[in-house]
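Each structure below is given as structure tokens.
The following pair of complexes shares a single chain, chain A, combined with chain B in the former and chain C in the latter.
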Partner chain A sequence: MTSTVSAMQRRDDRPPFEFGYWLQTNVLSLGKIITLLLLIALNIWIIGAGMQANPLTTTAVIMLWSVFGGLIAYNMVRHNHVHGTLREVKVRIYTSLHGALVSLFLLVVLGLALYAFVRYVTFWPRWEAIVVNFRLLMVGRYPRALTWRPVAAALFVAALGVASLLTWGPVSRRLFRYRKVMIGLWLASPIILGIILYGVGAAYDAPDAGPLGTVNTRLWGGLMLTLIISVVAIVVSFPLGVSLALGRQSHYPVVKYFCIGYIELIRGVPLITVLFMAEFMLPLFLPGGLTVDSLIRVTVGFTLFSAAYLAENVRGGLQAVPRGQYEAAYAVGLNTYQTTRRIILPQALRAVIPAIVGQFIGLFKDTSLVAIIGVFDLLSIGRAVLGQQEYRSRQAEIYLFVGLIYFVGASGMSYASRRLETRLGVGER
Partner chain B sequence: MSASSAPAQQNKSRIPFYRDTRVLAVLIQVVFAVFVVVFFVWLFGNMFGNLDTLGITDFQQPFFRVEQVNDRTSISPWFRFLYSSAGFDILDTPISYTRQDPYLRALTVGIVNTIRVGVIGIILSTLLGVLTGVARLSSNWLLSKIALAYIEVIRNTPLLVQLFFWYFAGLLALPRLRTGEEITAIILPGPVYMTNRGIAMPWIRGTPTTGQWAMFVIAAIALAWLVSYIVKRQEIKRQRSLRRTMWTFATFFLVAAAGWYLMPVQPLRIEQPAVAETGFGFVGGLTVMPQLTALILGLVLYTGAFIAEIVRAGIQAVPKGQTEAARALGLRSGQMLRLIVLPQALRIIIPPMTSQYLNLVKNSSLATAVAYPELFQISGTILNQTGRAVQIIIIVMLSYLAFSLVISAFLNWYNKRVQLVER
Partner chain C sequence: MPVPTDAHKGLSYSLPNALTTRRFLESHSMTIIENAKDMIVCRDVQKWYDEFHVLRGISTIVREGEVVVIVGPSGSGKSTFIRCLNRLEEHQEGDIIVDGIELSHDIRNIEAVRREVGMVFQQFNLFPHLTVMENITLAPINVRRWPKDKATEIAEQLLERVKIPEQAHKYPGQLSGGQQQRVAIARALAMQPKVMLFDEPTSALDPEMIKEVLDVMRDLALSGMTIVAVTHEMGFAREVANRVMFFDQGLVVEEAPPNDLFNNPQEDRTKLFLSQILHH
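This part shows the complex of A and B:
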């Protein structure tokens, strides 16, 4: 009994395993990183050449790998890390006998999967479909001579994103006072993007067109279109959603039940039916002869859909604000608008940042649905590439690539959200 | 409110009507209502006008002028088209359907298919989600990290991309059943044949005695319930455990097994698939078409990842003191999970779980991407054939609203049952 207790104590005494620290002491030195990169590049080159390198190169590569492994082993011995590492492996993987069996099974499965994946990924010629059609996947059929405009738009959004991270981020508290400018820029971004991408004046191929000649949205496509729909729908649906949430809390029954009806109707039906309505039924609801651009119709559909979900998230935040806050605000003489704007909304929105960002991530992913109604977003262009005779069998590559782009975007947004949460102190009082 | 208590004072300095909140409240609402009504009248006015120019005359007659379709049914002229012959085939028909049947029948097939996908999807994704959620909390580092990787990858990519991936890169990329004379399908033990036309697997089939045996099973359930009730009363009386669960299941299995062996013919048998003589498809067993497999696979993996996070959060939200107290009382780990942790975690889990189930049913409309004939896909076909966009969209939206209402009503009822009754 005592031995168990002391063993447990010893277990608690040992410093927690830090993977970063382990990497730092065992793998991450400049020399080793360079060696590793060289080796990986060499390997990719050999695999890319169809595994037909001459025996001498192969031997050299194998020797380099051995030297590299040896270096790590030597380093571990020198820093007396062997014991710690082994103990860590034991604690994490060999928890008990059946735990060890589970681990072993998982290791085998994982190893096989990794082997298959690496073999698949590094077999270069298969990725040709993406390399050749990269431009198409990014900007669709946007005129080649005007490629700088999507690039400029992307840079603008990226700069806005970085500036937002700086403003709300941990770098400098002094930047925080520019937040209103940033919000203004975000709200103006649909117009700015419209000017850069759609342009002004004559059509781009007309003789008198300037550098910003208009480019019909039928030529837009790919990642560019996905991002445009997401950004515009996010920016516009935010104020709309907040208004709907406030409307749902309203004391005026007419306003309240209108908002409830709208929110529940939209939340009860699939997004694709809303998009279907926007694409095929909106023209029916407009006066004859008036046509609206397909891209605008789709974006309106997304905005209306997203606003309903956003309203429910914001409502959660509004309900979390204690009654005393309203009473205190009225007691110091603020009117309803001031109370909402200065006291209630800041607290309510802060409380639901994770939910709101989650909603935006969902919206970003959902933009892929426009592929069903024939708008040429990233996924749709991917499918168009698969329609080309020579790339018909490259299904997995295309969908993996499209999935990877969405993955990067969605992960990036959730990272930014965690950043914002710490900055604004969500969950702290 | 103070106005009524001090009318004399109020009369001297009357508030102008445009600052009186009671007047303002009415005024604002009237203006809002008028605006909304005018907007909708404008929209629908446009719609009727546009439909006239398109040559769709359904809406020229009033909705309530009900017409006789056949000797049993009558319907509003707006939905009269539902009784014309559909004229298209449906890939998967759980209820009888031919191309001569009316559109209404086709829509019913779609609704049944949606319900089927929804039920299978909800059951499987709950299983997967709970398992992954628990694996995420496992003390085995490797297991928990693999669960994490699965959850992150699935949650951060669109369902539609996943569906396309499973369908085009997964199921349609399987080998053909046979190339020439040689069978090229992947054959797993069972036998399970994996081909690009579907997956064939062994399946349970009934025999002539199945009906009689079912009676035995019902009797077994009744008896087991009775035994459970009696043992429970004894447990309460004697204040100690008499292994109620064991006795209940033992009764059930004994009666059911007795019934099984009393039957002259085995009541259920396992039927194995075999390659058909013609060389196309299979005889016997169960063949699942790739469209349905891809849809279920995609929906289950996607929803499962979300449910896993909900389950993990729910279990983590149970205070540590609860498990410690359970251990201190001497409960075994199974009992602890069943009696202490899960009932409390369930209270936190159910509300978000409800919205995941709703999402699953709504997401099943993406089946149209893999050409599986559920409600949305079939109504799309009907819309293309008839051009009745307004009516079709109304029917589809109402159907999905009904699904949502049924699911949330059921889970709200269940939620009420497991919620803590507070003082």
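This part shows the complex of A and C:
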């Protein structure tokens, strides 16, 4: 009741129409959004022009402006002119003058960074370097006439992803019965993708080659290659890492010490060393004449490297599961395998999702190291583009573009991990 | 179980009610129990934690349908003993035979015993990532290989029995301690065990929740389940136990029907212990 009364009072107290008040209330309307966007655009335009004419003075003006703006905002919030969400912001940020100053400083820094970025993106870049070399950045030196094959592969994966979302997602319960088909398709997808991308039969440029003639992996590159290496390494290293973590706790000394030895060995050397080993030393160990594709060697190197780190992360999770869980599981008659599979691993893995995803994000970005053994991933293709005479000075654009792709991939994983945590967090004690 | 028709002859007091009749008779004459088969047989069970001799030769027989309550000071080995009965702890000397199966290093024997023995823990130890229903049906589905429908049906009956049918789809973290412990009892019962072990089931509970758990345990005892319970609930022991064992320093100091042991202890150590827990 009281809240209704105060709301009514507030409505009565409200002046008929006041521009500043209208902007501050947190009810969003189309008119307000457009007004705000126009204001922002106007500011950017004014500041942009000022910056070109006299950067130093303009920067000083912006900083002063921010400080005053922040103080005004602080005062407004303090005197409860702002309601709802902004009020929560107030509680979080403006609980003390100290906090207010830190927030203000950070806001100014953020504002300047944003400003510099927006200014750069609006006025300077010449994106032709990327537009012209887009195909190169995406698929590397994959034959131009066969570009449809990577596109088909991407569409296939996208379709599979959408179908999975429909099957497991909240759209319709009925679709859930197709889950076995979906699992089958996912299991078959490496072969299908292999056929689409690598092809079958004669080389693509041989006279008797069909539309699916083989394309040597030396011609693969760009984003496609980065994605292949990281996805395969992530997918394969996960079960491998979990097995190593479990093996490390095994009662069988041979299994236990093998796992410990493996994990410590891999963790003791840099990734680059592992990659060099995979590239140059692996062939020496293989029986004579047998050669393994360079791409496979690199991917195996990444997988083995990632598995060792993953094992240590999972071990942390295993140690976080209380002893009572093992005891309860054994007491109801579950055997060791069932206990691990149904009781221990679900809890252990849930506890270390952030660590595991963090590691996968690291792996995704570390794929750029393959450049040193001559595999053309996204970043090295970018560098190759910079080697072209006419785009020599387009570093900013290229690195911005490449960085953006990595950022989208990494933050996508990060987002997925948070979603997963929330979903699995149900009923946490 | 054979019930001698003349078992109550010679008793001068009146019997409380039909349900408790059998227990009442048993706790005063022990006739029925002596005719029942041996469910748990322990012969000179000994166990060490490194140098510490925690069980120093326990010998006892628990008959089918018997309710045995174990009391004793902390560190007396009572929890260790009850955990040896389903091999959560390993004994080093002596024999433990449960339902005719000897607990040895043979994992098949251990798993066979664990299928027939339910256990309830002080800290509940429910599986926090599974719903109440999943907690209960997990073992029947995976160990007994029951179809899901059957397991669910039985789980519903059990939840009815422990009086929380409406909580089936919650997670353990959303329940009170007393409710969690009742789910833990239902989970143990879902395997249709022949013996139930209770390891201080009410010690971690708030006082007002102890009763709801004891009620369930009492019903269970009256239904004829073989029970071995470590507990300090003397009311429970008096009411349903056939026998109370007093543990101290890894030995059974004294064992007797509850009324005899509580009212007329023979050993000094028992008297001291009882005076301390009864007059605090």
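To be clear about the criterion, the second predicted complex is superposed on the first by the 260 of 429 C-alpha atoms of A that agree within 3 Å, B and C clash if a C-alpha of one lies under 4 Å from a C-alpha of the other, contacts with A are read in each partner's own complex, and residues count from 1 in each chain.
Keep this in mind: a contact is a pair of C-beta atoms (placed from the backbone, for glycine too) under 8 Å apart; a residue touches a chain by one contact, two chains touch by 3 or more.
Because the structure is predicted, anything quoted here is derived from the model rather than measured.
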| item | value |
| --- | --- |
| First, second, both or neither for A:291, with chain B first and chain C second | neither |
| Partner chain in contact with A:410 - chain B first, chain C second, else both or neither | first |
| Touching partner for A:331 - first (chain B), second (chain C), both, neither | second |
| Partner chain(s) touched by A:216 [first = chain B, second = chain C, both, neither] | neither |
| Contacts of A:270 with chain B and chain C, given as first, second, both or neither | first |
| Chain B versus chain C as contact partner of A:369, first or second or both or neither | first |
| Between chain B and chain C, more extensive residue contact with chain A | B |
| Touching partner for A:422 - first (chain B), second (chain C), both, neither | neither |
| Chain B versus chain C as contact partner of A:342, first or second or both or neither | second |
| Set intersection of chain A contacts, chain C complex versus chain B complex | none |
| Footprint of chain B on chain A - complex, ascending | 92-93, 95, 99, 102-103, 106-107, 110, 251-255, 258, 265, 267-273, 276-277, 280-281, 283-288, 361, 365-369, 371-372, 379, 383, 386, 395-396, 399-400, 402-403, 406-407, 410-411, 414 |
| Footprint of chain C on chain A - complex, ascending | 322, 324-325, 327-335, 338, 342-343, 346-347, 350, 424, 426-429 |
| Chain B to chain A touching residues, read off their complex | 25, 28-29, 32-33, 36, 43-44, 46-47, 49-51, 53, 139-143, 146, 152-153, 155-162, 164-165, 168-169, 172-173, 362-363, 365-366, 368-369, 376, 389-390, 393, 396-397, 400-401, 404-405 |
| Complex contacts: residues of chain C adjacent to chain A | 86, 88, 107, 111, 114-115, 117-119, 121, 123, 125-129, 131, 138-139, 142-143, 170-174, 184, 187-188, 190-191 |
